[in-house]
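Quick one: the structure is below, questions incoming.
Chains: A, B and C, in written order; residue numbering restarts at 1 for each.
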Amino acid sequence: MSAPAAEALVEVEAIHTHYGKSHILDGVSLRVGPGEVVGLLGRNGVGKSTTLKTIMGLVRPSQGQVRLEGELITGLPPHHLARLGIGYVPEDRRIFRLLTVMENLRTGLDRAGVAEARKQALLQKVYDYFPVLAERRSQPGGTLSGGEQQMLAIARAMMLEPKIILLDEPTEGLMPRMVSQISEIIRVLRREHVAILLVEQNVPLTLAVSERVYFMEKGTIRYHAAAAELHAGDAVVQQYLGI
Amino acid sequence: MGIPLDLILIQTVNGIVTGMILALVASGLTLIFGIMDVVNFAHGELFMLGAYFGVLVLAATGSFWVALVVATLMVALLGAVLQVTTLRPLIGRDPLMTILTTFGISLVLQNYALWQFGPVARKISEPVTGHFPLFYLEYPVYRLVIALLSAAIIGALWLFLKFGKYGIWIRATMQDRVMAQAMGIPVPWVYTAVFAIGAGMAAASGVLFGPMVGVHHAMGLDWILRAFIVVVVGGMGSLGGSVAAAIFISLLEAYASIWVSPAQAAIVSFVVLILTLLFRPTGLFVPTPK
Amino acid sequence: MMKRHATLYWSGFSVVVALLALAPLVLPEYWRRFLTEILVWGLLAMSSDILIGYTGMVSFGHSAFFGLGVYGAAAALLTVKPPSLWLAIVYGLVGAGAVALFVAYFSTRLRDIYFAITTLIFSQIFYVIIFTWTEVTGGENGLTFRKPALAIPGLFSIPFDTRTLHWFVLAVVALSYLLLRRITQSPFGMVLQSIRENEARTRAIGYPVERYKIAAVMLSGLFAGLAGVLYAIQKSFAAPDFVFFVTSGQTVIHNVMGGIGTLVGPIVGAGFFLLLHEVLSRFLTEYYLIPVGIIFIAMVIFMPQGLLGFARRWLNR
């Protein structure tokens, strides 16, 4: 396994989180380098989503640190982190159903210190990548199909011009045709030098797009390897994802 | 018995005028509840303070319109300060606590007004005098002015929410507080702004309504009760619903007072409330949720 | 260990009751009445605690229950001669019970905030009715009547003075407390608390939550009505002011200041609040409510468990 990136973009150090008395994350450490796509695999309920939420400041860790470009960000409020360059695309998308597609995008676009010209360019770029969204720009988010909502959720995060996007199970509930579209979108983000921390249960997709993969079980990281060295049928994969 | 048509028409006008002011008060209340989940018991007192500040500024500057603007801004600022000091620490805690806190604030503000301004009612003189003949009555022009202004303010609010950049922030926060934050929207400040806007609207209603009644420290109590009824009947969090409910209830009360005394006509709003709770508890003027 | 706990509790209880019973013998007239009033408000706050502290339903409707207790007692004492204490209690409880049933029917189907607002509105409805129905209720001026005697016809009759009234009130409040304590610790009380913790789950387990809530409102309303009867007897008059929602608000303040869910806490809260009122009004005449309000807000933010909860934590250190 190759040495991790010298200067990590996001570094999670020994995070513990609790919910009441349950110990959800029991010492999670991982890192994502600039522009890297890193996968986080594991069965349901092992704490993958919680890890993303902790990085995004939605959950406060009882122990441990999170760093962005070397700076401590643990405990900062989510809206601050969004402005620092962390984008979040949650499980079940959570787009603003009553806002139009355009308004959804504007929530991320309307940031201080961004010139109008750049905003327009960003919007146009996203519409080029997702023509369907351009078509439906005046429709309320709730009227979009599942796949379209997923695209909107990712496009919305892109409006923040983030350094890293936390993607939580983007292919869940989508038709196979849409799954390959997600794959393509991830490649686009790669080209834009946006790092991705991808939580997934779809192993082939994850191995295809990621550079490195972590495997989680019962609240900690159990295994870590370069994606190139793994195959979907490998024993280790079965161990952490098999029924 | 012949139905007095002219009386009915006059009462229609009266009902709409009162309804618009009530709508203005209730919209602030429903906005605060819809977005922040806060039941603002102090809303009536913000209304009252608006009227008092209006009295002061009017005395200092001689202009009603300046008084309206300044009083609104002063109370909006007060609202912001109150929210940051007393309500922000309670975010995420039991909603009971915010109800209690706003109740405490209402006590403090009421007694503060009593202390500073004394028990005798003050008067704000009408900015626009003159009457126009409505049937056999000389109907004060000022009342129409109030109705129009209230409508204008509510309209402005609606436009702001629908189109402005901050309007989108507020609507996003209302739908999904967590994702709004994840999109970089500073939700704690959105809350402060919303509370300030609601407070400002209450204050504006107070100043507008001032010339119609005396300004005194307990004037908020009547209005807070009617406003709550309007908000529940109109559907909590629905701006359009509050406006519709306010006018609906005021019209019914105006008609009722043709036959009974105004104090008894108030029962009308109670009856409407009870019927709403029995048959359409989410609100008469909102579509029933699926 | 449990036994020691129980003995400690009962000795504490007896000491407190004994002190309260002896107090009128040493206190001047004014303070005797003050203490009696604390007990009455304490009973009202305790009744409210059943809803707020044990079932998790915030009610601003207690002024209606209390008010109907007051007016019910007034009705008995004015219409039936010779004025009978027991009849006053019965009338008051019936009045309060009827209102409680009405409120319960409408409100128990609504969730928290709606319930709170609806109870507020309902209590104001009763205020308006009492205020405007001048022929029956005396409207703004209220009704005055004579205190009844503590009497069992044929056996004895003791007229109420400040001492005997105090002992009577103390007895009623103490008994009410014991009764309510029994109820809250019974299976019924446990279900109420389970509703407070997690209503959905309680419903899922199979309990008819609405019926329990209605029962809780009735229970709460009856004891609030009882407090109203006591108040009417103490003051010898009934006025619409008691039915104004500020009474409800103050009751909730007593609850929170004392500590919700403790039964005793609200009584302590009532005492604390009334004492604050008394002390501050000496210095600040009418504006004492400003610092009281500020103290209340500060307590909600920093001491939400109330005085009792705070004392408990401090004692456990």
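To be clear about the criterion, a contact is a pair of C-beta atoms (placed from the backbone, for glycine too) under 8 Å apart; a residue touches a chain by one contact, two chains touch by 3 or more.
As the structure is a computational prediction, the values presented were derived from the model and not from experiment.
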item	value
Reference chain C; chain at largest CA-centroid distance	A
Chain nearest the overall C-alpha centroid of the shown protein atoms	B
Geometric centre distance via CA averages, chain C-chain B, whole Å	33
Centre-to-centre distance between chain B and chain A (centres being mean Cα positions), rounded to whole Å	43
Distance between the centres, which are taken as Cα means, of chain C and chain A, whole angstrom	55
Of all residues in chain A, the ones touching two or more other chains	none
Footprint of chain C on chain B - complex, ascending	33, 37, 39, 86, 89-90, 93-97, 99-101, 103-105, 107-108, 110-112, 114-115, 225, 228-229, 232, 236, 261, 263-264, 266-267, 270, 273-274, 277-278, 281
Of all residues in chain C, those that touch chain B in their complex	52, 58, 106, 109-110, 112-114, 116-118, 120-121, 124-125, 128-129, 131-132, 245, 249, 252-253, 256, 286-287, 289-290, 292-294, 296-297, 300-301, 304
Residues of chain B that touch chain A when the two form their complex	165, 168-169, 171-172, 175-176, 178-188
Chain A residues within the chain B interface of the complex	56, 58, 77-79, 82-83, 87-88, 90, 94-99, 103, 106-108, 110-111, 156, 159-160
